[in-house]
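Note that chain A is present in both complexes that follow, paired respectively with chain B and with chain C.
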Partner chain A sequence: MRHELMLVAVGVIVLIMDLMTSAETKHRIIPVAIVLFLVNTIIGFLPIETGKIFGGMYNTDDITILMKNAMNIGVFIIFLQSAEWLRRHEDRFNSHGAYFFIIVASLAGMDYLISSGDFLMFFIGTELATIPIAALVAIEKARSKSAEAGVKLILSAALSSGITLFGISLIYGTTGSIYFAEVSKAFGNNSLQILAFIFIFAGVAFKISIVPFHLWTADVYEGAPISITSYLSVISKASAIFILVILLYKVFYAIPDIRNNILYATSVLTMTIGNLFAIRQQNMKRFLAFSSIAQAGFVFLGIIGGTQIGFAAVVYFLLIYVFSNLGAFGVVAAISCATGKENMDDYNGLYKNNPKMSLVMMLSLFSLAGIPPVAGFFGKFFLFTSAAKEGYFILVLIAVVNVTISLYYYLLVIKAMFINEQENPIERIDNDIYTKLGLAICAAGILAIGFFGSIFDFINSKTFGAM
Partner chain B sequence: MNSLLWLLAIPLVTVFVLMFCNDRRQYRLSAAFGMGLQLIYSFYLVFRYTAERSSGNTEQMVFMHEYRWFESFNIIFTTGIDAISLSLIVLTAIVTFTGILVSWNTEKLPKEFFISLIVLATGVFGFFMTIDLFTMFLFYELAVIPMYILIGIWGSGKKEYAAMKLTLMLMGASALLLVGILGLYTFSSPDANLLSFNILDIANANIPVDTQRFFFPMVFIGFGVLGALFPLHTWSPDGHSSAPTAVSMLHAGVLMKMGGYGCLRVAMYLLPEAAKELAWIFIILTTISIVYGAFGAIAQKDLKYINAYSSVSHCGLVLFAILMMNQTALNGSVLQMISHGLMTALFFALIGMIYERTHTRDIRLMGGLMKIMPFLGVCYMIAGFASLGLPGLSGFVAEINVFVGAFMHPDSFHRVATVIAVSSIVITAVYILRVVGKLLLGPLDEEHAYETGDARWNERWANVILIVSIAAIGIAPFWLSDALIKSLQPIIQKLQ
Partner chain C sequence: MITESYSYTVAIPLVLFFSFLLIGLAGGKLKPIVSGVFGTFFLLVSTVLSYYTAYSYFFVDGKLNGAYQKLIAYDSLWLTFTDKLQIHMGVLLDPISVVMLVVITTVSLMVHIYSLSYMKDETGFSRYYSFLSLFTFSMLGLVMASNIFQIYIFWELVGLSSYLLIGHYYERPSAVAASKKAFIVTRFADMGFLVGILLLSSFTGTFDFLKLTDPNGSALTQGSAISFLGLSVMTWSLLLIFTGAAGKSAMFPLHIWLPDAMEGPTPVSALIHAATMVVAGVYLVARLFTIYVFAAPDALIFIGYIGTFTSLFAAVIACTQTDIKRVLAFSTISQIGLMMGGLGVSGYAGAEGLGYTASMFHLFTHAMFKALLFLCAGAVIHAVHTNELWEMGGLKKFLPVTNIAFLIGCLAIAGIPPLSGFFSKDEILTAAYEKDKILFYVQFLVAGMTAFYMFRLYFGIFWNKERDYHSKPHEAPFTMLFSLIFLSIAAAVSGFIPFSEFVTPDLKPFESHIHWSIAIPAIAIAVIGVTLASVLYRKDSDLPDKISISLGGLYKAAHRKFYIDEIYMFITKNVIFNYISAPIAWFDRNIIDNTMNGIAAITNFISVKIRGFQSGQLQQYAYVMVSGLIIIVLVALYFMNN
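Then we have the complex of A and B:
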């Protein structure tokens, strides 16, 4: 429980300090919040007891703690990347404390979500994670796009919550319990239960923006401020994928055929449609939004076999995905903050004046595309290997063809930065120390994770297979 | 440190040094020094290898070392070489070094150019020195991606189109290849805990024939695209003609050999039963490659396109020989890889040098160059003669082995295919002699002002190194083919 309590403490401290600042001094909260969060992230790595409390409603094990730490690092990077943006647009917010508090609150919700041991905690976690995000998306209330995105998100989120709740009520009605351990024992080939599974799957799929539940994604991603977009597409997505794996492995393992058919179909759809839409995007935020939809499709290749190594591959992939996607978003955020430019055409000739940022962007995109020697290659390779081990060769082939398609649009950005020229490329951008640190952490993560095989072996030793 | 790891360490250190250099003199000197060292080291490896063999080491692979990487998947980075991979490593070192000499005067972003070029070469070295499929695949992709940047930034003509086409076709091929590799991995052992990526382990695995039939086409086509297998060769003419000189040299000279090597080492060696069953399809395709490439070269007017199509034809010959599955033909295929690597690198180097002086690659606009640049002219002739198979040069040795080996098959299908393939020799002679006649001999075309001046010192060295290697193989092929035949034995035994 330490992670959640720490987050609540950080949130409350930031909120109280925010009360004590005046309009002139409100930017001083930025470094304080970042340092507080860093302390929280470091404390998260200290050894901690695992187990169950509240009669199994909440439980932790090594793999959930690992995931929480990864999410902490991700949010820390997002804070670093948003410092400059917060300072520049001070006039748009009443207070900076709210920004930090809401993110931390939502993160606490995600921590509860991935630790949940019954459907009540699962639902509370989902809501606690989602509702603050809607506020965050609309935080730039002066911009109509931001407000519109907030409304879109809250409406679709409400719908998906309703569907999930309906699924949960069916589960309770047919099994008489909401605890994962008991539900899984009573779960079988009952058609009501299968319906419940499909509803719950749809609710979570909405959070991951699996096709066909992805329609809200692009608009919300484009309308939201960039740091929130990266939060949505990295942290929120990673936690939802993680809880989906837990649900599939712990609760719904009794119906492998239906589960695998659904996973197979949605995986193919998600990869393909995400890719095809990403090809046509000009706005970098929309571009990354669709590319992250496609990325989620690959994850299912790890889950589909229900094996322990597949689970490990998924967690490993998510870990890499955090660094690669945040690297790409960090560059987009820095450029957008300094120049207001967000289109791919604006990136023409970026390398000339901003070589370091172009290189970080290239590394991140290669990692997303799965090109060696950066980490994304290993992440994808292991997902594919764990699917191939279970005999899903055709699915792997479809996935690898999709990797090639995705390479095409990632190369378009690289082409814009390195090959295309324009008369007035973006001027040299002097980033502040926070942005630089954030990008450096991402680049280091992307380069290092693949080479240290022990990271994967460590994850594999902590995960479990379908029972 | 394991002796093979130096092949990766030297280029990586060179790249690292290049990052801290800050003028053009330093870039090219450190690049040339690093790759020169690599060349010397690869020759040193030849001595080590010969010494090892003559001291009675009869292992299939020597200098084997294992580095545990991902225990959970049993991924072990395993290095090891035999005569086949060693000769390709030496070829790579020669072509990379001469490539850097040829790009001595790169003006646009020289630092990035040399770094990308050396990263590409690192991928190739890594590919040839590993014997586990995971690392092999990793290095394969590592070699393909810098190509996009190299052609896109430093290329000419419709470079963006060519770069994208090349990258996507090769990565698409690697999609098939990846599925094939994962298939080999999955069936490498009946015990799920002992699955292995190691080629030597998989070779002992007895994969069921049904499974082989499914994966053989994937692996063969996956590597075959890189070896310009018809009808998936179309990236090659566009890519080669748009690439800057050194990149064309490396690509046609070395990268296409990764395709041939992969077909031999992975597709044929690991999936022999399916190879025997399905070879006929690919024999037809490679025969088409050989003849089509040669005719394509006749029809072209651009020097680089001519050479690119001739590469399609010659690389088709490599795959054709591999599919013949006997000792003479396989020996010929490896010789052809090395011989073609050297002479196509020489060709592309010369075309680059001529283009620098005439500012055109259209053969209709040039003539009588022998009068103003005799050194380059003579070199071009030698390259041409090697290409059309003149005895005494490497091309002859390779082709005679391939065709004799192919004709050893008594059935009419193989013999007809061989006869058709042999006809390419005549077509090759036509386009080589036509270009030599038009370009070098005849009256000097006065209308077009040429920058006079023969080869500079760096260009002379590059040409001399390549020509000496071509002649050395042509005059004394036995020292190479003896070693090759020994290393080919395990593969041949699987294919009998």
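Then we have the complex of A and C:
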């Protein structure tokens, strides 16, 4: 429970301190919030007791703690990357405290979500995670696109919540319980229960933007400020994937055939359509957001057999995904903040004046594309291996084709940065210390996860398989 | 077997990685020539270590009880996936990896030295040398890999660094397009490779070469039992791995990237597209040869046919090209096809392994003479500033050393004794003759065509009519000539290495000798090819020397010079060119290239259509989402009730 309480504490402190600032001094909250969050992140790593409380409503084990810590680091990086943006566009917000508070509140919701031991906690966590995000998306009130995106998100989220709730009510109606442990025992080959499973699956799939529940993503990702887009497509998505694994492994393991077929079909659709979306994007923000849809499709390859090793592969992949995607988003955010340029053509010749940023971008994109020996390659390779071990060779083949297509468009960006030239490449950008630190953490994370095999061993020892 | 005494070999690639970092990071601050000298120096260190390794492995302690050992010189655990599937980084020494060490470092060293002058005035000189180091590092890592996973990693690194090197002239759109094409085509092939590795490892439970290729091991029997679409899983995985090999080694129909890759600097072509990267596919098949021969002999037959077909196909096209580097590129495809063909007809034990030995032998000699030919072409292009064959001619007066070196290269590739190509090609033909007559006759024909198009090139460049050059062509500077002379000697004498004493599939040496019943017809067809080329392309030369006299003797012996000329002209220009070569070249240009372009166009088209879904209307999004949900529910319930 410490993670959630810490987050609430950080949020409240930031909010109170924000009250003490005036219009001229409101930017002073930025370093305070960042340092507070850093403290929170570090405390998260201290040893913590695992177990269940509230009669099994809430449950922590080593793997959820690992996930929470990873999400903390991710949010810390996002804070670092957004500091410059907040300072420059001071006039767009009433208060900076709100920005930090809302993200922290949403993160607390995600922590509850991944720790949930029953469907009530699961639903509360989902809502607590989603509603603040809608506010965040619309945080730039003056920009109509931002406001529009906020409305779109809240309406679509309401629809998905309705579907989820309906599923939960069916579960309660047929099993007489909402606790994961008891539901799983009573769950079987019953049409109504399968209906319930599909509805709950659809609700979570909405959060992960699995095709065909992905359409909201395009507008919301585009309308939201970059730091929020990266939060949505990295942290929010990672937590939703994680809880999906928990649900599939702990609750719905009794229907392997239906589960695997649904995963199979949605995985193929998500990878392929996400890729085809991304391939023609010229706007870097949209490009990264769409490519992240495709990335989510790969995750299902790990879950599909319900094996312990597949779970480990998924968590490993998510860790790498957080660092790689935030690295790429960080560079895009820094460039957009300093110059307002977001198009791929603007990146022509970026290497000339901004070699370090180009290198971080290259590393992140290589990792996303899965080029060995960068971490992302192992992430994907382990996912593929676990699917192959379960005999899903055709699925693996489709996934590999998709990886190759994605490589093409990631390479386009790299080519733009390193090989193409233009008359007026982007000037040298002097990033503030926060941005630099954020990018450095991403680069270090990508390298460390790829080269230290013990990280995977650790994850592997903490995960479990479907019973 | 694990051994301590060779642990220094791990330094052979690492030195170059260090060199890459040094030149790459300090590149902007060093004087260009200093980076070049650094790069060359580090490579020299690697080369000396490789030679020392080869000496001690082959002549001192590599053998135990009359058979060479597979030695694990270095090993470290990197990642553990499951208890059985672990990823190691290691160094495996066996006859083929040691031979490859020698080939790669030798050719790379020559290219490094050669480039000191050839690339002197280019921008990005430091960058060029850092990428050369990266490439050589990756290539060495590839051949020394102790497991298939490690090979895959270096395989991709090799692809990446060659992408960077081909795109060196980034201001030229054609170079950028070529580098992209090379990367994407080989990437598509690597997809197959990756899936093949996954299949292989999930059925055998190991990545390790020692376990995989142990003829008595359990890895071979697992996976052969399960079948899918009529072939065993083992065959499928090996065929998929071969797809990766075919991509790198430019086997039909994945060869399309290689001719375009000639946009890169010529020394790069010599290194990557003649001697090292393109033979990685042959090396991979040889590395896994034991599995192929025991668990999937049908895959091996397939490889033999694909290789031989490619060699014929490429040889026909080579006869029609006028860009001298493209002729060499097609000739490389053709020769690699012969190597694959050799592997395809090989057996395992004793003298049955001749095809394998021959293939590796040809790989070795080909590396020497083809690198030589490319570097000579570089010297020629350097002198006349064009790639077009018909804008050259009469250069032997201006480039005497290059002339001799090129001639040696041509004689070697044509298979004229006693130059190296004769010996290795003889073994390949013999192996094919004993196993499969069809392959033998095709390869025999290819041998004749090789002699023809290479001498067409030779006479076209150095003899023929002298053109009006803007400035008087001048001989290359000393550093370039040094590489040419060194490689000429290697191309001339390396045929005398008794390869079957060193490299065999079962690691036990056997005696091999020239098979005159095959060698004599092979020499004859080569001589016919040379003569034909000389009749057609030597014209307008007024400077006879020794070679012209000897060839002229044959020439006059035909006596009715004009008449034969006309017939040959008619046959080659009207019949062969119009009805055979031109359609094949057209097929290559239009059908195969367009299929690849078509796939890209279709992908784009679907992508546009899919974007249409993204209307921005929330109602529609909800509609799609709910419909999707209902479809899933209906399908799931349908399946449940059945």
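By our rule, the second predicted complex is superposed on the first by the 467 of 467 C-alpha atoms of A that agree within 3 Å, B and C clash if a C-alpha of one lies under 4 Å from a C-alpha of the other, contacts with A are read in each partner's own complex, and residues count from 1 in each chain.
Going forward, contacts are C-beta pairs under 8 Å (C-beta built on N, C-alpha and C of every residue); 3 or more make two chains touch, one makes a residue touch a chain.
Remember, predicted model here, so these are calculated numbers, not experimental data.
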Item to check | Which of chain B and chain C A:N261 touches, first, second, both or neither | outcome: second
Next on the checklist: Between chain B and chain C, whom does A:F393 touch in the aligned arrangement: first, second, both, or neither?
Outcome noted: both
Item to check | Touched chain A residues, chain B compared with chain C | outcome: C
Next on the checklist: Contacts for A:I73 in the overlay, against chain B (first) and chain C (second): which applies, first, second, both or neither?
Outcome noted: neither
Next on the checklist: Quick one: is A:Y408 in contact with chain B, with chain C, with both, or with neither? Answer first, second, both or neither.
Outcome noted: both
Checklist entry - Touching A:F384 in the superposition: chain B (first), chain C (second), both, neither? => result both
Checklist entry - Looking at the overlay, what does A:S156 touch: chain B (first), chain C (second), both, or neither? => result second
Next on the checklist: Looking at A:N189, would you say it contacts chain B, chain C, both, or neither? Reply first, second, both or neither.
Outcome noted: second
Item to check | Interface residues of chain A shared between complexes with chain B and chain C | outcome: 309, 371-373, 377-378, 381-382, 384-385, 388-389, 393, 396-397, 400-401, 403-404, 407-408, 411, 415, 419, 453, 456-457, 460
Checklist entry - Of all residues in chain B, which touch chain A in the complex? => result 68-73, 75, 134, 138-139, 141-142, 145, 148-149, 152-153, 160, 163-164, 167-168, 171-172, 174-176, 178-179, 182-183, 185-186, 192, 195, 214
Checklist entry - Any idea which chain A residues touch chain C in the complex? => result 152, 155-156, 159-160, 163, 189, 191, 194-195, 198-199, 202, 206, 211-213, 215-216, 218-219, 257-258, 261-262, 265-266, 273, 276-277, 279-280, 309, 371-373, 377-378, 381-382, 384-385, 388-389, 393, 396-397, 400-401, 403-405, 407-408, 411, 415, 419-421, 453, 456-457, 460
Next on the checklist: Taking the touch rule as given, give the residues of chain C at its contact with chain A in the complex, in rising order.
Outcome noted: 77-82, 85, 87, 152-153, 156-157, 160, 167, 170-171, 176, 180, 183-184, 187-188, 191, 194-195, 198-199, 201-202, 228, 603-604, 606-608, 610-611, 613-614, 616, 618, 620-622, 624-629, 632-633, 636-637, 639-641
Item to check | Residues of chain A touching chain B in the complex | outcome: 309, 312, 366, 371-373, 377-378, 381-382, 384-385, 388-389, 391, 393, 396-397, 400-401, 403-404, 407-408, 411, 414-415, 418-419, 453, 456-457, 460
